[in-house]
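Across the two complexes that follow, chain A remains constant while its partner is chain B and subsequently chain C.
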Partner chain A sequence: MADSSSTPAVHTPVDLDRINVILATDCGSTTTKAILIEKVDGEYRQTFRGEAPTTVEEPAADVTMGVVNSVTEVGELAGRRLIDDDGQVIRPATETEGCDLYISTSSAGGGLQMMVAGVVREMTAASAKRAALGAGAIVMDTIATNDKRLPHEQIQRIRELRPDMILISGGTDGGTTTHVVQIAELVAPAKPQPRFGGEYRMPVIFAGNVDAREPIEATFDESVELSLVDNLRPTMERENLGPARDMIHDLFLEHVMAHAPGYDKLMSWTNAPIMPTPGAVGNILQQIATQRNVNAVGVDIGGATTDVFSVFDGTFNRTVSANLGMSYSISNVCAEATLPRILRWVPFEMDERELRNRVKNKMIRPTTIPQTLESLLFEQAVAREALRLAYVQHKEFATTLKGVQQQRTIGDTFSQEIGGQTIVDNMALDLLVASGGVLSHAPRMQQTAAMLVDAFQPEGITTLAKDSIFMMPHLGVLAQVHAEAAVQVFERDCLIYLGTCVAPKGAGKPGKTCFGFQVSGTSIDTTGEISVGELRLLPLADGETAEATIEPARNFDIGAGAGKTVTRTVRGGTVGLLLDGRGRPLDLPEDRTACRQAVTDWSNALGLADLARLN
Partner chain B sequence: MAQAYTPGLKVTPHTQHRVRRILPISGTVLKSVGDRVRASDVVAETFMPGNITPMNVANMLSMPPADVPECMLLAEGDTVEDGTILAQTKGIFGMFKSTCASRAAGTVETISNVTGQVIIRGTPLPVQVTAYVSGEVVEVIEGEGVTVESDVCFIQGIFGIGGETMGPIAMACENPEQELSADRISDEMAGAVIVGGGRVTGDAVRRAIQIGAAAIVSGGLDDADLRDILGFDLGVAITGSERIGLTLVVTEGFGEIAMAERTHRLLASHDGREASVNGTTQIRAGVMRPEIVIPLPEGSTPPESDNRATEGLLETSTPVRVIRDPYFGLIGRVADLPAEPQALGSESRARVLTVTSADGETVVVPRANIEIISE
Partner chain C sequence: MVERRLGILLTAVVLTGLPAGKLVAADAPRPPSHVRAEDRGWDGGDAVDVIVGISPDDKPDTDPPGVAHYVVRWSGEYGGVYEHAETVVADKNAYRSGEVRLTFEQLELGEPYFFRVRAVGPDGSESLHVETAREAAVRPVAQAFSGRRAWLVLITLIICGSVVYFILMARRGKPLQIRKIAGLEAVDEAVGRATEMGRPCLFVPGILDMNEIQTIAGLTVLSRVAQVAAEYGAHIEVPTSKSLVMTTASETVESAFLAAGRPESFNEDDVYYVTDEQFGYVAYLSGMMVREKPAACFYMGAFFAESLILAETGNSIGAIQVAGTAMPSQLPFFVAACDYTLIGEEFFAASAYLSGDPDQLGSLKGQDVGKVIVAVLVIVGCLLDTLNSMTSIEFFETATTFLRDTILKSG
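And then the complex of A and B:
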C-alpha cells in the first residue's frame, strides 16, 4: 500500500549553473521528436531538431530505439555526438559531444487512460476529473452517484473499460463516509482489468474523505494496488489537486510506463521523471502565464482529439475533446456541428451529398491531404467548428467550484450568480497559442490566425501565436528541472507570433461605426474607423510593437467598459494587427447568400486565399 | 529508381490464414490440436461472472447501516432467488417486522455495515466462441481458446458495420462498376454473402435485411444511406457492434466507386462457396479493417503472383488508385516519383507522384492521396 508520502523514482540532481546543452525527446504515438537546446551567448536557444518513427510496437518493441534514432539525427545535424557506442546518451557535455541534461515526455501507446469516480458529478467527481486531466490523462468515463445511470449499468461500464488507473474521490474531510464507500463498493466487485493485461494490479488512487480510508481499504481486496492521498476536495470551498496529480504521475511511471516496452531503460536515462505529453504542455503554459502574469489559452488539434489548456488568474485547466479531430474524428465534428454550420465558413457552394462522402472518405483514409484550394478551405471550415466545440466544452468544464456556499448581501439580491460559473473570460484573455496539423501547416499564416479568431472569438486585445515545431511538451518537462531555460526557449524559439487581434464585444448595425483606432509605431502611424461587420489587417511585422488607441462605439466594449477608450501596446507578427469589427458573439448572417458574401469579404480582407482561382 | 511505401489493403487469392479464437476470460477449450472445425463450431466456452444488483437494505428497512448485518437472514455466499427475503427487522416486541426481498436471483456477494448495501451477484452468463473460419486447430491455448489455420482467399475491405457472420457467396452484379440495387437481390439469397459491384444503394441494404441475407460486400456506399441504415450519423470509425440485421462491407470507400476489378474477379471465382465475413472496423492506433475470408478446398495450390500490394512498394508502373478528390477513384500507373516536394493547388507543399490512367490522362497527386492496388 502506498500513501501520499511515497517517493517517486530518484533522479540525479543537476547543477543548473553548469548546464550548457540540453537534449529533450517527446515519444509520440507515431513519431519521436528530439530537440537540442544550447546556451548561445548566455541565452538558451533551441538549435536543432530531429525525428524518427516511435518504436513501441513490434517488431522493435523498445521505445529507446526510436529515441536513439531521433537523437542521432539531431547529433548529425548539430555536429555533436550524443549517443555513445553502447547506445547511451553521453553526459556531461564537452566541446564536441554529449549533453548536460536529458529529459523526455511520452504519449506513446495512447498515453495515460484513466477512469475517475466521485460522489456528486458536479463536485467531487468534477474535481477528480480536473486532477486526472491536469496530470495529462485521457478520462475514459466519470462515475458518480448522480450520473443518471443505474448501479448495475455503472458496474457494467467499469467492467468494459480497461483503464490504466482509477481515481476515486468523494466527501469532504470529516464529512459523511457513506456515499464515497458506496462508490468504492461499485468499483471493487466490477474487478476492472488494466489495459496492458494482467501483469500488474490495477492502480486505484483514493483521494477522498480521510475518514473513509479504513472502510475503503476494507472494500478492496488484493487484486488492486490501492494508494491513499490527501483529499482533493478537503472542503467545499477548496480544491487540492496537487497530491492526486503527483500520485498519478508516480503510478504512471511505476506501473504504466514500466510495462511499456523499453521504458524501464528510458526512465533510467532521463534526469527528470518522464511526463505524459499533455501534462508537460499544461506545465509550460502555466509557467509562462504565471511568469508574465497573463491569461493564456493553448490548443492542440490532432487527428482524433483536441486538447484545450487555459490559465486564468493562475488557475489551470485542461480538457480533451476525445472525438473532435481532423481525420479519425472529422466525421464526428460534422455530426456534432452539422454540415450547415460548417458550410457557413465556406465562401462558395458545395454539394452536400458529395461533401458527406468526402468527409467519410477522409475518416476511413485519415492520412490523405487536401490537394485543391476548395478542399483545403473546407477542412479549415471543419477545423473552425471542431475548435469552437472543443472550446465550448472547455468553458463548461473550467468553472468555479460548485457546491460552495456563498454569503450574500442585500446588494446581491437580484444577482443570479452561483457556483460553477466558467472562469474562461475571453475579454481577459491575453495570449492564444495554436498547435496541431491543421493550424501549424496551413499554407498561409493568415489562415491560422483566422481559424483561431473565428473559433475562439477572443474579445478585447489578444496576442495570437503558434507553436513553431510543437516544442511545448519538451519545454514543459524542462520547466520542472530548469525553469529559466524553458522560459527563454519558449519566448525566443517556440512561439511564432502571428500578431494581435483587436475585437470589441457587442453588437451593432452592419455598416455603422464599431470602433475608431490610432496605431503608431516605428513602421506604422495610422488612424481610421472600422465598421460593424468589417475585418481589416494592418501590417505590423514580427518583433515590432505599436501603441494602439481603440475608441469603441457606445454599444461596444474593448475591455474598459462600453464606449470607453483603451490604449495598449500591441505586438506584431507574421500576420499583423487584425482589426475585427464583427462584434462578439460573432454571428454570421442566416441567409446563405449573405453569409457567403460576408465570408468572402473577410477572406479578401485578410488575404486568406485567392478565391478568384475557384471561379 | 524512385521508390516509396504506402499502405494497401490485403487482397490475396491464396494465403495461409491463422485466426486466434480467445475467450474474454478463462474457460474451457472444447477442441484439440488436429481437429477439423467448421466455422460455426463452438471451440471454447466459459461463464462470465453474473451481473451485479446492489440493494440498499438499510434504506429499504429504514435502519442504520451498522444494523444491517444482524438483520440479514442470509450470509455472504448464500444462494438467493428473485423475491427471497434477505433481511428482516426485529420489529417492536417481536411484532410489526419489516422485510426486504431480493430483486434478483444469484448469490449474496457482500454485506456492508458502512453503507448498508447488499450486493447480489447474478447467475453466471455463458460465453461461447466459434471457430469463425473453417479449418484445422493448430494450437490450443489452455483455458483461453484455440488457433485455427486454413488456406483461404483473403480480402480486406475499407469500412464495414456489423460483426462476424458467414454464408455462401452469391454474386449479384456482373461487373465491378454495376450498382447494387434492390432489384438485384432475390429471395434465394437468404443467408448468403451478397457481392455487388459499385455503390450499394440504401434500398438494396434494406431488401437484403428483409430477405435475411448474412452480409453484403460492395465497392461503395453513400454516407446518406449509411445514416439511414444506422439511424444516426456515424461519428467515429469504430464499428462491429451494430445490430442492423446483416454485416456490410465496403471495399473501396464512400460514394460512386467501382469495386477493384481484381477483388470482384476473386469473389466471383468463389461464387457459392462458404465465406466468413467480419465488418468490424477500427481506424485508430492498431487499425482493424473488415474482412472476407473464404476457406479453400483441401489441396489447393497457391497461384503464382507477386505480393507487391501487401508489401506497399511504390515505384514507377505500380498500379495505384487515387483516394481523394479531385481525382477520387481514378485508377492508373505511377509514371513519375519526383523527390522534391511540390506546391499543390491548396498552396501547401508536399511530395507528389504522377499517375497515368488507362485512357492516357495524366494527373499529379500528393503521395499521401494514393493507394496501391493489385492487378
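And then the complex of A and C:
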C-alpha cells in the first residue's frame, strides 16, 4: 500500500551553480536522440546532437545500448568523451570529458499506457483522463457509470486491455461512495494484467472520495498495488490534478520503467526521474507559458498519433489524437476529414481516385518521404486536415469544469451558457509551436507556417514557431532540475521563430478592405491595406521586432473588438510577418476551380512552392 | 341627327325620374355619368358594390369645386321610396378611373336592391339623379368561399405546409437544426453533479393540476430527468401538490427507469403527494431542501409566489437549479436565482427537443415559420404606420390600410 507521500527513486542532488555540461536523451520508439547543452559565455546553449536506433526490443533488449550509441555520437561530434570504458556516463565534467547532469525521457515501447475510470464520464472520469494525459500517458479507455456499457462489457474491456496502470477517481470528498466502490468492483474481479508480463502487480491509483478509501482498500486484494492520493475533484468546483500526476510519474518509474528492458540501469544513471516524453513536452510548454505570461499551443504530429498541448490562463491540457497521423493513421485522417476537404488544399488538378491511391501507398509504405512536388503538396494537404481535426478534438476536451453551480443575473436571460465550454480561445493565443516530421521537415519554412495557420486558424496576433530538432522533451525534464538552463536553451536553440501571423476574426466580401496596417521597425517601414481573401508576407527577419498598428474594417476584430485598432510589437522570423485577410473562420470557396485558384494565389503570395513546375 | 335624337331621349328618361315637386336649380351640377350595382363576389351574400360615374362638372382642380359630393339612395322596390344610404366624395383614384366605388354590407341575402345617385354642388344644389334600371336589380348571392379570408387561407397554408414539409424532411432523416436550449442541455450536468456528490435530485412539477399545460410540459422534462438519473444511478424525489399529478409523475418516472434499463431502481415512494395548499407545499419543500440538500433542483411547471422562495433556498444549499415556466411574472426570479431557466416557448419545445421525434421536431420547425410570419407582419406594420404618420406619401397609407383591413382582418 502506498500513499501520496511515497517517494520516487532517489537521485543524486546536484549543485546548480556548478553545472556546465548537460547531457539529455529521449528514448523514442524507434530512435534515441541525445543532445549536449554547454555553458557558453555564461549562457546555456545546445551545441551537439546525435541519434541511434532504440534498443528496447530484441535482440538487444537493453535501452541503454541505444543511449550509449547516441551519446557516443554526440561525444565524437563535440570532441568530448562522455561514456567511459564500462559504458557509463562520465560525471562530473572536466575540460575534455563527461557531463555534470544527465537526464532522460522515454516513450519507447509505446510510452505510458493507462486506463482511467470515474463516476460520471464528463466529470470525475474526465478529470482522471486529464490527469493521465497531462502526465504523458496514452489513455486506452475510460470506464464510467454512464459510458453506456453494461457491467459485463466493462469487465470484458478491462480484461482485454493491458495497461501499465489504472487510475480510479469518483465522487467529491464526502460525496458518493456507492458508485466509486461499484467501479472498483468492476476492476478487481477483471484482474487486469500489466503490459510487461506478470512480474509485478498492476499499479492502481485511487484519487477519489476520501470517504471511499476504506471500502476501496477492502475491494482490492494483493494482486494489485493500490496507491491512495488526494481526490482529483475534492469539490465539483475544483480540480486537483497534481497529486495524481505525481503518483503516475512515480509509479511509471517504480513499476513500468523498472520492468522494461534496461530501464533499471538507465534510471540509475540519470540525475532526475525519467519522464514520459509527452509529459516532458507539456512541462516545458507550461514553464514557458507561465514565465512569459502567454497562452501557448504546441502540436506534435507523428505517423500514428498527433499530440496537442495547450496552456490558456495557466491551465494546461494535453490530448492525444490516437488515429490522426501522417503514415499509419493517414487513412483514418482521410476517412474523418473526407477526401473533398483534403482536396481543397491541393493547388493542382487531382481527382479523388488519385488522392486515394496516394493515401493507400503512404499507409502501406509509412516510412517513405515525398519524392515529387505533387507528393509533398498532397502530404501537406493531409497534414492540414489532420492538424485541424486534432485541434477540434483538443478544443472539445480542454473545457471548463462540468457540474459547477452558475451565478446568474437578469442580464443572462437570453445568454445562458452551459458548463464545459472550451477554454481554447484562438484570439487569446500568443504562441503556436509546431513539431513533428511533416512540420519540422518541410522544405520551406513558409510551408510550415502555412500549415499551422490553415489548420489552427489563429486569430488576432500570434507568434509562430517550430521546434528545431524536437528538443522540447529534453528541455521538459531539464526544467525540473534546472529551469534556468531549460528556458535559456528553449529561447535560443530550441525554437525557430517563423514569424507572426496577423489575422482578424470576421467575414466580408472578397475584394473589400479587411484591415489597414502600419509596420515600422529597423528594417521595415510600410503601410498598406489587405483585402478580404488576401494573404501577404512582409519581410521581418529573425530576431527583429517591429511596431504594428492594425486597423480592422468595421466587421473584423483583431482582439480589441470589431473595428478597433490595435498596436502591438510583432516578432520576425525565418518566414516574416504574415498578414492574413482571409477572415475567421476560414472558409474556402465551394467551387473546385475557384478553390484551386484561391489556394494557388495564397501559395504564390507566401512562396510556398514553385507551382509553375507542375504545369 | 342620330345623336340629337338620343340626347332628347336621354333627357326624357332622366326627367321621368325626378321626384314630384322637386325642380333642378339652374346652377346645379350635371348628374353622374352612370351608376351600376354588382353583387360582391366570394362573400356570404351580404354585400353589393355600387359604381358611380363622376359628373362631367366634377373636376379635381376647380375652385370652388363643381361637385361637393354624391348622394346615394337605395330602395328595395323600383320606383319606390329611396332612402338615403351614403354620401361620398370623389378622391384621386376616382378622378383617375372616372368612377367612385362604394360597398354596401349587411344586406339581405337574395333581396333586390335599386340605387339612385345625385351630384351635389358646393351650394347644396342637387343634380338630376341617375339610377339602376328595373331589370338591373342587384341581389346579393352567397358563394362557397369568402374572398375576404383569402389571406387567412394563404397564411394557414404556409404554416400547415411548413409543418408537413418539416415533418416529412425529418422522417426522411434530414437533420433539423434546432438551437441548443441551455436548460435542457444542463440536465445531464445537474444529475451528474448530484451523482458525484451522492445527493438526491429534486423535481418540482409546479402547483397546478394536470389540466394546466405547463404541468404537462413539466412532466415531459421529468421523463428526461428521471431517465438520466436512472442511467447515472442517482436518487430522484418528486413531491407533488396535486394527487393527479402524483399519479402521472409516478407513471412517468417508472417508464423512464424502464427505458433506461433500470426498472429495479424505481422506488414508487420517491414520487409522493404533500398537500394542495400552496404555502404548505412550499414550506415542506424548503424544509426538505435544507435537510437533505439535494444537489440538483428542477422546477418545471406553473409557479406563483413560491418561485423565489424555492429558488433562493436551492441557491443557498449550493444546488444546480434548472427552472422552466411560462409565467412571465415569475421568470425574472428564476433567471436571477437559478443556473438555467427555460423561458416560455422553450419550455413547451422541451418535448420535441428532448425526444428528437421527427414528427415533434417537424411541427416545432413548422410553428417557427408561423412565428416568423407574425414577427415580420408586426415589424412591417409598425414601419408602415410610422412612415404613414411621418409623411404624406399615399403609398404608406394605402399599404397600412391594406395590411390592417385586408390581411389582418381576414381572420
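Keep in mind that, in the parts below, the second predicted complex is superposed on the first by the 615 of 615 C-alpha atoms of A that agree within 3 Å, B and C clash if a C-alpha of one lies under 4 Å from a C-alpha of the other, contacts with A are read in each partner's own complex, and residues count from 1 in each chain.
Just so it is clear, contacts are C-beta pairs under 8 Å (C-beta built on N, C-alpha and C of every residue); 3 or more make two chains touch, one makes a residue touch a chain.
Computed from a predicted structure; not experimentally measured.
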- Query: Just chain B (first), just chain C (second), both, or neither: which does A:124 touch?
  - Reply: second
- Task: In the overlay, answer first, second, both or neither for which of chain B and chain C A:178 touches.
- Result: both
- Message: For A:170, using the defined touch cut-off, is the partner it touches chain B, chain C, both, or neither? Pick first, second, both or neither.
- Response: second
- Message: By the touch definition at the top of the document, which applies to A:233: first (chain B), second (chain C), both, or neither?
- Response: second
- Who contacts more of chain A, chain B or chain C? B
- Task: Considering only the touch criterion stated at the top, classify A:511 as touching first (chain B), second (chain C), both, or neither.
- Result: neither
- Message: Quick check on the superposed pair: does A:145 touch chain B, chain C, both, or neither? Answer first, second, both or neither.
- Response: second
- chain C-contacting residues of chain A that also contact chain B: 177-178, 182
- Item | chain A-facing residues of chain B, complex | 49, 51-54, 65, 109-110, 112, 114-115, 117, 119, 121, 158-159, 222-224, 226, 233-237, 253-255, 281, 283-285, 323-326, 328, 344-350, 365-366, 368-369, 371
- Spell out the part of chain A that touches chain C in their complex, as residue ranges. 119-120, 122-124, 145-146, 170-172, 174-179, 182, 233, 236, 402-403, 405-406, 408-410, 412-414, 416-420
- Which chain A residues qualify as touching chain B in the complex? 29, 109-110, 151-152, 155-156, 177-178, 181-182, 185-186, 189-191, 215, 219, 304, 323, 328-329, 331-332, 334-336, 353-354, 356-373, 375-376, 441, 443-444, 609
- Query: Which of the residues in chain C come into contact with chain A in the complex?
  - Reply: 180, 182-183, 185-186, 188-190, 192-193, 195-199, 231-233, 318-320, 331-332, 335-341, 343
